[in-house]
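Before any comments, here is the structure.
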Amino acid sequence: MITVGVIGATGYAGSELMRLLVAHPNIQSILCGSHSHAGSPYQSVYPNFGKIYHQQLDSADIAQMADRCDVLFLSLPHGISSHQLNSEILKKCLIIDLGADYRLKDVAVYEQWYNTSHGSAQLLNQAVYGLSELYRSDIAASRLIANPGCYTTTAILTLHPLLYDGLIESKGIIIDAKSGVSGAGRGEKLDSLYCEVNETLKAYAVGTHRHTVEIEEQLALSLTHGKSIKDVVLQFTPHLVPMNRGILATVYANLQEGVGLSEIEASYKKHYDKEQFIRMLEPGVFPQTRWVKSSNYVDIGFTVDKRTNRLIACGALDNLVKGAAGQAVQNMNIALGFAESAGIDMIAPFPL
Amino acid sequence: MITVGVIGATGYAGSELMRLLVAHPNIQSILCGSHSHAGSPYQSVYPNFGKIYHQQLDSADIAQMADRCDVLFLSLPHGISSHQLNSEILKKCLIIDLGADYRLKDVAVYEQWYNTSHGSAQLLNQAVYGLSELYRSDIAASRLIANPGCYTTTAILTLHPLLYDGLIESKGIIIDAKSGVSGAGRGEKLDSLYCEVNETLKAYAVGTHRHTVEIEEQLALSLTHGKSIKDVVLQFTPHLVPMNRGILATVYANLQEGVGLSEIEASYKKHYDKEQFIRMLEPGVFPQTRWVKSSNYVDIGFTVDKRTNRLIACGALDNLVKGAAGQAVQNMNIALGFAESAGIDMIAPFPL
Amino acid sequence: MITVGVIGATGYAGSELMRLLVAHPNIQSILCGSHSHAGSPYQSVYPNFGKIYHQQLDSADIAQMADRCDVLFLSLPHGISSHQLNSEILKKCLIIDLGADYRLKDVAVYEQWYNTSHGSAQLLNQAVYGLSELYRSDIAASRLIANPGCYTTTAILTLHPLLYDGLIESKGIIIDAKSGVSGAGRGEKLDSLYCEVNETLKAYAVGTHRHTVEIEEQLALSLTHGKSIKDVVLQFTPHLVPMNRGILATVYANLQEGVGLSEIEASYKKHYDKEQFIRMLEPGVFPQTRWVKSSNYVDIGFTVDKRTNRLIACGALDNLVKGAAGQAVQNMNIALGFAESAGIDMIAPFPL
Amino acid sequence: MITVGVIGATGYAGSELMRLLVAHPNIQSILCGSHSHAGSPYQSVYPNFGKIYHQQLDSADIAQMADRCDVLFLSLPHGISSHQLNSEILKKCLIIDLGADYRLKDVAVYEQWYNTSHGSAQLLNQAVYGLSELYRSDIAASRLIANPGCYTTTAILTLHPLLYDGLIESKGIIIDAKSGVSGAGRGEKLDSLYCEVNETLKAYAVGTHRHTVEIEEQLALSLTHGKSIKDVVLQFTPHLVPMNRGILATVYANLQEGVGLSEIEASYKKHYDKEQFIRMLEPGVFPQTRWVKSSNYVDIGFTVDKRTNRLIACGALDNLVKGAAGQAVQNMNIALGFAESAGIDMIAPFPL
């Protein structure tokens, strides 16, 4: 039984993480920290924890919290953890960072796309990219896990087997992704108001979204079997959809010559058949976010359009679970040798 | 470890029950039956069960299913279970009926409000009303549990202590209740279409909703400490709200002379302080359905309006959990001596 | 053809007013002012006005704007117009104030419930309460029209005939009202974020909402045929519903002895049969906000519950149209002798 | 002043058409027909027409209705109008068919994709494709107008100028489109239930949607300046989004060599600058369906991604207005010489 801490516990991803940790069978005690709500009982910010979790929020001091935890989760805006983390802290506890600071291997790409300097580039080679299904053994050995983004988890899991197995062209990939509103966080912004988001739809950050380079780096690794982070350039377009949770990524890729539905199906099967949290649908059946909402599952469907010789695949997941808090717990489970599904094997409730 | 069955497993309440049962620590095996989908794999109807639950749906034959189960849940339209249940079946297994047939003690009231004959009135005196917090010891001793309705659970829990303790007038009570759309079930009706329900609001069944008499009978028992089912006549008005889940009941009652906020608060505290699933909010704080959604909790808030000398209280719960499947599991836990919260101690995820 | 101005044109009510004014057949030119967006093209704040309305936003200076308009609409937080309006301005142009400052006749009640001093109590006797159907002739003669609130319009129109005709008791009235989110305005508040409001329901301002006293004052006038503003004390409870627009008020009142459905029906018919914008539904049929959304109509339905000897009635309207901007235009039409329905005779689109 | 008729007046597109026709300044009288509701007052099916439109629904007999109208709108499932229309009827009145039967010029493509025989292929050469902006002069001269589909209007208007002007490659175009639920119609289907659609997202008819070939045929005409209907093969993927109305089409196309943002901008400007109902946004600004909802406007935004040398453009419109009923009225206006915007120049209300 361990003690864990969550810094940034009052954001949407942080509170989802708190929920999962409270129910986790291997956790004895949970500390929580917050910049904005330090000193308040957690249940005063999130009444759903009433009669269940009775702790107060501490401050958001990473070093102090690290002294008291076996695992420390960071759910912070980018730029903060890279300036506060150091090797002293990593000696004290396992860090699982839900933010962006340690996801990209190329620090120049990070600094360009995030328009900031990286505070601890020397730690990057210790960081493992926490996409559980792809880096299980590295995660098991790491002290610093960079939990992937929500869009990126969806896109990478949908495309990885096909690039790894050489079934689709790496050039010309388009990822048209759609997300619920919780992905935008709990900030008090005009664009997040109910009446500004409800009953409408838009593309945003077209050609400029930061998850683009995260996907490219990882899919280059898929394509080159780990040899390069530079060989994929793709199109990624996020859209905002009027619903609380869920991501759907619709992926378009040109098939390599001679590749058809059966090769695609076999590749997915080979890579994912034994994965508990990845569910391949029958060819021609496409996923819906409702079937994964509030669960750690990823559903993937696909077809081949013979008219255009193109693969169309869709991945669906819950942006706050498999796209954030659930995968963070999955990574902790792997790193500490718990059952990989401990605390995250919920069925998606429906209708929700 | 026991075997349980669910008949009517493909409705919204039935599938929510299936979800809870799959995760229940004391259950080894779950059978499911359906009139409309017999022979199909359950996960073909509900893909959220993919890679988790692999059983096929059986037919909806109560007697046959009873042979194979320790507990049998019935989630059926009214009128069916009263015509199929008999004392033979009750000898074989514990029956928890989520439908209306055994909730009312007065068979004449049932036959009038449901406009049908009751098929097994002789079993009514064996049936216990399954409002877990009020009838715990009876439930523990029963073979036939009549699980309450969703509106009724909300309304009764909000009013019971105050009537029991004589703090409010029994005459003049008004319950203005609001429900999400899942309460209307999975039938293919014009009035349940997305575009007919989204972005709109209505009252329905004004003065005629069947839960009226269920609430009246139970609150008469509260008022008279179990002596009468006839002493309360009240106003109940349900409304349909564009959201998937959740019930909010806003209750108005005239205070007895000399009663103020502190007496109300003390009464609630006395009755509910030790109840795990009932959370009393501070006076003047009102519940929101989001904090109980997908959980078994009931949140209750209240105030006293001195200008009108009236109590206003609100109860909030999830109609498919505490209002149906969750309470059914709670009742099973009580009846079989499991921990009362086994399998239903989830925190409400948020935002959801 | 006239020139009109709108101050506070970038709020939800203000922009809805702009929309109606642009389409109004008797208006030649529209000026708009805003505290926060002065200097910006209106269509940069509201792109739905692109290629249609090309004016820039002026500042929010009432006196300056009054020099240039025949009619000036004020859509401002309470407290501003009472401190800026004066009789000089009223000589220059007709003022239609969508805010609260001139609605209440009793300045002490205003100052208590709004917790502020009134800046121009001397103008109150010139102000007419702009509930078009009830004060048509006064509106026609006025220079200062206090446009009613959204909840109040709904509640008053639903109850007025019955109190006026003495069919219901004035004591014990309960108004349980439900509103869409646009009623909360465009402020960047946590409680207005999509994820905080979507898929949930709550009561708020229980026993303390300011519309309470506005309804009471007006219904006292109904009850006493204009003689008193003090004889009604009632219960008003607003709720927030996850939809953009619409108000539904569910009203409970005890019937006077001997009054039944036919007397109620006759009273409504007598008062409203010739009103273009009030639609009485058949007894037992209840309104839905979808049928009035984005229109100036009010739909009213009712029934009598013989079990409780009580009237239950529901009024439904669009809070931004008949509850704000539409009624403001209706009042302008009355005051200037235009056709009363000019510019506001839209059918509610559906589904919307 | 003319008389018009609508057959299929009780579907969502039909009722939206009724709403626009009631408000149209050049229309004296409106007849309406329905297969399922013949004999009922229209306002009993659509209470939003209460106190406004008092006609009963006739039967759905095209020939009979044609005798009594100057213009007859057909809003029917595919296959019906092609079997009932004939040249006799076309002599009597202008036919505007909102269905699919006369949209495709290649009858073999129609019969393959709609899996039915065409009942009146001999009329196809009289039919004009009713995309108002592209075929204005043909529409003015026609007796049979095939009103385009909702997805198709969005996609074609977004791509037409760029193909016409040779700025993008015709090969490799991808249209990832998203629609609100009203596009699925008013049928009582499980997949259209509120709880099945709310808070979820899916792709559907991937690679097989019938609008694919309609877009291809029209864009081939754009590409070849009217010479061929066969030269474009593209990818079209529709998605269902939890909102009542609105379509957003996100379009991806490879740029021809040497083409950049300025050429794209100039092309759009040349084609659309004088179009009242098409609003080009500044480069890099993307449309949102809320700004066109319930209006006849189409908003188009675009950017060029230099990393991928690709155009990304989005078109947004209201599927029931510019995507159906509004464009039908626009076509009637053109055909009869009315002002093109008569009855359809509404500003989109917001928030809606």
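The letters A, B, C and D name the chains in turn, as written, and every chain counts its residues from 1.
Following the convention adopted for this analysis, a contact is a pair of C-beta atoms (placed from the backbone, for glycine too) under 8 Å apart; a residue touches a chain by one contact, two chains touch by 3 or more.
Every value quoted in this text rests on a predicted model; they were computed, and no experiment measured them.
The minimum number of touch steps separating chain B from chain C is 1.
Looking at which of B-D and A-D shares more C-beta pairs in contact, the answer is the pair A-D.
Chains compared, chain C against chain D: the Cα-based superposition rotates one onto the other by 180 degrees, nearest 5. Rounded to whole angstrom, the centroid-to-centroid distance between chain C and chain D, based on C-alpha atoms, equals 37 Å. In this assembly, the C-alpha centroid of chain B lies 47 Å from the C-alpha centroid of chain D.
Averaged Cα coordinates give chain A a centre that lies 39 Å from the centre of chain D. Counting partner chains per residue, chain C has residues 12, 182, 195-196, 198-199, 242-245, 288, 290, 293, 351-352 touching two or more of them. Against chain A, the residues of chain B that register as touching in their complex are 12, 15-16, 19, 22-23, 46-53, 182, 199, 244-245, 276, 279, 281, 288, 290-295, 297, 299, 320, 345-352.
Across the complex, chain D is touched by residues 12, 181-182, 186, 188-190, 192-199, 242-244 of chain B.
Those residues of chain A lying in contact with chain D across their complex are 172, 174, 176, 178, 180, 195-196, 198-204, 206-207, 233-235, 237, 239, 241-246, 248, 250, 252, 284, 286-290, 293, 303, 305, 307-308, 310, 312, 314, 316, 351-352.
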